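Below are structures written as structure tokens.
Next, two complexes with subunit A in common: one pairs it with subunit B, the other with subunit C.
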Partner chain A sequence: MKKFLFLSTLLFGVLFFSACKDEEETKDPGTLEVNFDNIAVINNVQQQLSLVTPGSTDYAYTNALGQKFNINLLRYYISAIELDGPNGEHYHDHMEATASGSKGYYLVDESIPASQLILLEDIPAGEYNKITFTVGVDSSGVVNGASGGSLDPATCHMFWNWNSGYIAVKYEGQSDVSNGGVSGAETVTGDNPHGMAYHIGGWKDIPGGVFVYNNKRLSLTFDTVVKVESKEAPELHMVFDVIKMFGSHHNIDFTGNHNVHKPADGVEVAHNLEHAFAYDHIHQ
Partner chain B sequence: MGKRIFGDPMLSRDNSVACNNCHVKAVAFADPQHALSLGVDERQGIRNAPGIANMAFMKEFMWDGGVYHLDFAPPNAIENPLEMDEKMAKVVWKLNRNSTYPAQFRAAFPEMGDTITSPFVLLALSQYQTMLVSATSKYDYYKLGKGELSANEMEGLQLFKQKCAVCHSGELFTNQEYRNNGLDTAFADEGRARITESAADLCKLKVPSLRNVELTDPYMHDARFNTLEEVLDHYAAGVKQSATLATELHQGDFIGIPLTASEKKLIVDFLKTLTDYEFIQDERF
Partner chain C sequence: MARNVIALAVFLLFFSETTMACDACGCSVNGVGVGLMAVYRQNYVGMQYQYAPFRSQLEHAHGAVDYFHSFELVARLRVLRRINLQLNQPYRLNIRRHPDGDDKRSGLGDTRLVAHYVLLDQHQFKGGLRLYTEAGIGVKAPTGPFDPDIHDAHNLPENFNPGNGSWGGILQANIVLGYQTGGLTLSGNYQYNGPSTSGYRFGHQWSGKALLYNQFWPNGAISLTPYIGLTAEGIGRDEQADGKYAASTGGKGWFAAAGLNLKFNQWLLGAALSQPLSQHYSNAEVEAKARMTMNLSFIF
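Showing the complex of A and B:
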């Protein structure tokens, strides 16, 4: 009997402690809310963007060349998001592109606040200090044919028919130095005397090919770690600076080609995207 | 349902032009009436409407190959101001308001949900177009051992293999690549270069399939030749030199393809064996 009690106690103890140990090690997966805040940094101060009515000559922003401009429309795709942590944590967002819908392709539109908030779910619990994402839609969203949801070619207003594929970043607006003459734009017509359209696309990432690839895969590191688990509701704030889009690697001259509708014409703006997107802060 | 949409003028801005206005079954889904097809308000397009057959086996679409998947071919015609001049979103809206389409879509695509969306419209059109397989011509029956070619047609086939099949290769009679076939010295149509943005591709256009070629006149992207004889005359004596001319048309000192009058006639005899009467009379299409 004593022996039985002893064994029972031992068995109970082993079960009890192993249960505790499990509980400590496996926290439940959590979420991360990723915000894309579109801003303009003016005199080192971040300002939230404000959109204007098409044709407006009210210019709130100035590019690196001192040319004034405003914004009617700003829209871009963020896709294939991954998170990494200092201890080997890794998460990649689920991707899907079918007629019924698409997952993992987010269309961020300055005029639609809800579109600027991306909720990542089912992230393995842990600490993360790096986000990686594609600006644009790569071949995964194109080669299998027409898809729904954010990729729906009838509703996304980001699809090029003639060179089938998705525009990565679409800007439309006015500059006082632009002489207009824009074609094929959503908010700017040819008779808008100061209109500008920069439609940045080109998704054919074909090795050895001649195609211009303007999607950008960016990795941005945080100045701290974000803790993810079921009991937390952290927020990650990313920013997209329109001033840097038009002036970082290259200073975009609005007196030059301001009617950009093909990959080769968008290379410099696409290159600037590397600086336009930045990590800003985390709310734990 | 794809067939119904293909024949529905609702796809155009003023409900006047359907896909099959310019892709007519009787001529293997090419345009028999207009060298450059007419869209809404009688607006004239910039290139000849090609036939639609064996799309399931093609890698890229349009004369310049700018369309990477068959699903994305129809919006080019629907949204082009010179063709149907309508927005895809408006087409979807019209279909949803129609008395019979919504139920037909829901039956065809149970995964769709209640409302018709554009990817399902495009899927229906693709499914119809991939059905359009032309493989019952006299030539096909000869290849299957179920029919014979005449002596002239056989001779034409041999000549074709020697002189044409380097580009018009395989059973689709196209290598699915892009070539400048020497129509001009100055380029009115930048062709494949519009897509690749490379000067090396200026004026190169898709090597077309030659199936049903007897029916799909006029020929070339700009419809400049009315007969197969004129096409062969061009290759024999009309090819013009330019920086991007196909190397296949520039062997040694000769530019073009050496062809005698009798050889041209025999090749035309052979090309006519690619006409597929069962295809253009198929009740399903």
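Showing the complex of A and C:
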């Protein structure tokens, strides 16, 4: 009887208190999928962007000056990604720019959902709470000569020339307050009476001239840590708010120069990029 | 008489309160966990309804709420002096209410069959304390429909499937400490989940409860048994076919539970409520709300 009592209590105890087994901790490197979600924050609510065909007069968005606008095209480079953790963990994405291909330069295109997912691999196991990245392509992506992959001038539609380098952020659309006259755009034509094109970039800094360094190196801290190791498949969700691109440090006036094709003309929008990107959440 | 009272109370207690080991993203809601215990000499068949809502905490989910309804046929039969068999056959109705549109999945859940061995059959201690203990081992069969693409194709969590597409093993233990018309029941349940044919494996589940009860007879024919206590549940993280953990799965919670059972002749009617006390489900992305259970059964 005592044996039964002991055994049954033991069995019960084992079952009642048995939590899931502790998962084995491995120290193998893991991955992190970084999602760039392009949004417009309207009345404090995140809205997914909707692109319209060139010439459309459906204006879903309003800038800080109350000017309505829409979006035909939105594309930007994210490069030189680094991750840092609270215990000294560090990771930097492999960068390469050669004729046969390029690594570490990601062209995020609102019209291509797959381009908004960046898979970082071989990240040392550990916890990370900060991401740093460049919006745009810095000198090493330009001075190495003609590059392939996401940097291929023939297919990326983001290359100016060797002096100006790559466009960091390309926006095209229209607003009723714009008087059009856009040139050199991908989707908006010169005869569109309300078209706009903001091509923002520049990797050289030559004071007094057209060449201004407009790429932005941003560091964003998470409200939690993300655990990286071989058994985990975490996702980091970042957002890019197009409303902030046109109004944060500077309120962009669409009645002014809305045909921006050289670095010096894009300084204010470039400055706004510092507030347009934000950390949103993590799936662990 | 005392024997019948305790046995019946035990039965009432266990039948009317179960916990569901689940979270709203990636875990098997099918793991209706705690073993149902029956009177040592009595058999029963009945229907149990369970309702468990979860609210998404993610800003971009805009307050989506998941409602898990379960209609379960439960039967228990004593086959040998110390062995009884228990069958659970659920039917699940899972509903998601979302500002962008609702969605739902329904169908038979996975069948569970557990064999219990009675270790201590109302062992009497000095002072009138009685102890009943049984341990069970069983199997869960993948009888319910399971769509491995429910997440990628339909943007629903894997646990919206009525079944989880895999075989599982079950261990249970139940203890009842009785004293006169009342007592304490303790139970534990562990379910091991194998991988489905698509390679997705739901996290293993455990649950437990501790409930105090007492039985009253307001007028000879009808008895009332109120009870109160604590329940707990936990689920391990799901694993994808590639061996990596599925994001936002797993979780645990502690609940305060209270209920009332009414017995008239061979019929039993019960209802119970559980309120979460502390919880961490799906990486804190979902919040479990209060749950409700009702049951009607026939004892023979």
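The criterion applied here is as follows: the second predicted complex is superposed on the first by the 248 of 284 C-alpha atoms of A that agree within 3 Å, B and C clash if a C-alpha of one lies under 4 Å from a C-alpha of the other, contacts with A are read in each partner's own complex, and residues count from 1 in each chain.
Rule of thumb we're sticking to: a contact is a pair of C-beta atoms (placed from the backbone, for glycine too) under 8 Å apart; a residue touches a chain by one contact, two chains touch by 3 or more.
For clarity, every value in this text was computed on a predicted model and none was experimentally measured.
Touch criterion met: A:Pro234 reaches subunit C, while subunit B stays clear of it.
Residue contacts after overlaying the shared chain place A:Gly165 against subunit B, while subunit C stays out of touching range. In the overlay built on the shared chain, the residue A:Phe211 is in contact with subunit B alone; subunit C does not reach it.
Once chain A of one complex is fitted onto chain A of the other, the partner contacts of A:Gln46 are limited to subunit C, with no touch recorded for subunit B. Contact with subunit C, but none with subunit B, is seen for A:His281 once the two complexes are overlaid on the shared chain. In the superposition on chain A, A:Asp152 makes contact with subunit B only, not with subunit C. Once the two complexes are overlaid on chain A, none of the subunit A residues touched by subunit B in the first is touched by subunit C in the second. Every residue of subunit C that touches subunit A in the complex is listed here, in rising order: 58-60, 119-120, 123, 131, 133, 135, 171-175, 186-190, 203-206, 208, 234-237, 240, 242-248, 250, 252, 283, 285. Across the complex, subunit B meets subunit A through its residues 66-72, 75-76, 79-80, 87-89, 91-92, 109, 111-113, 117-120, 122-123, 126, 194-198, 200-201. Of all residues in subunit A, only 98-100, 142-148, 152-155, 159, 161-165, 210-212, 262-264 touch subunit B in the complex they form. On the side of subunit A, the complex with subunit C involves touching residues 1, 4-5, 7-9, 11-12, 14-21, 23, 46, 230-235, 280-281, 283-284.
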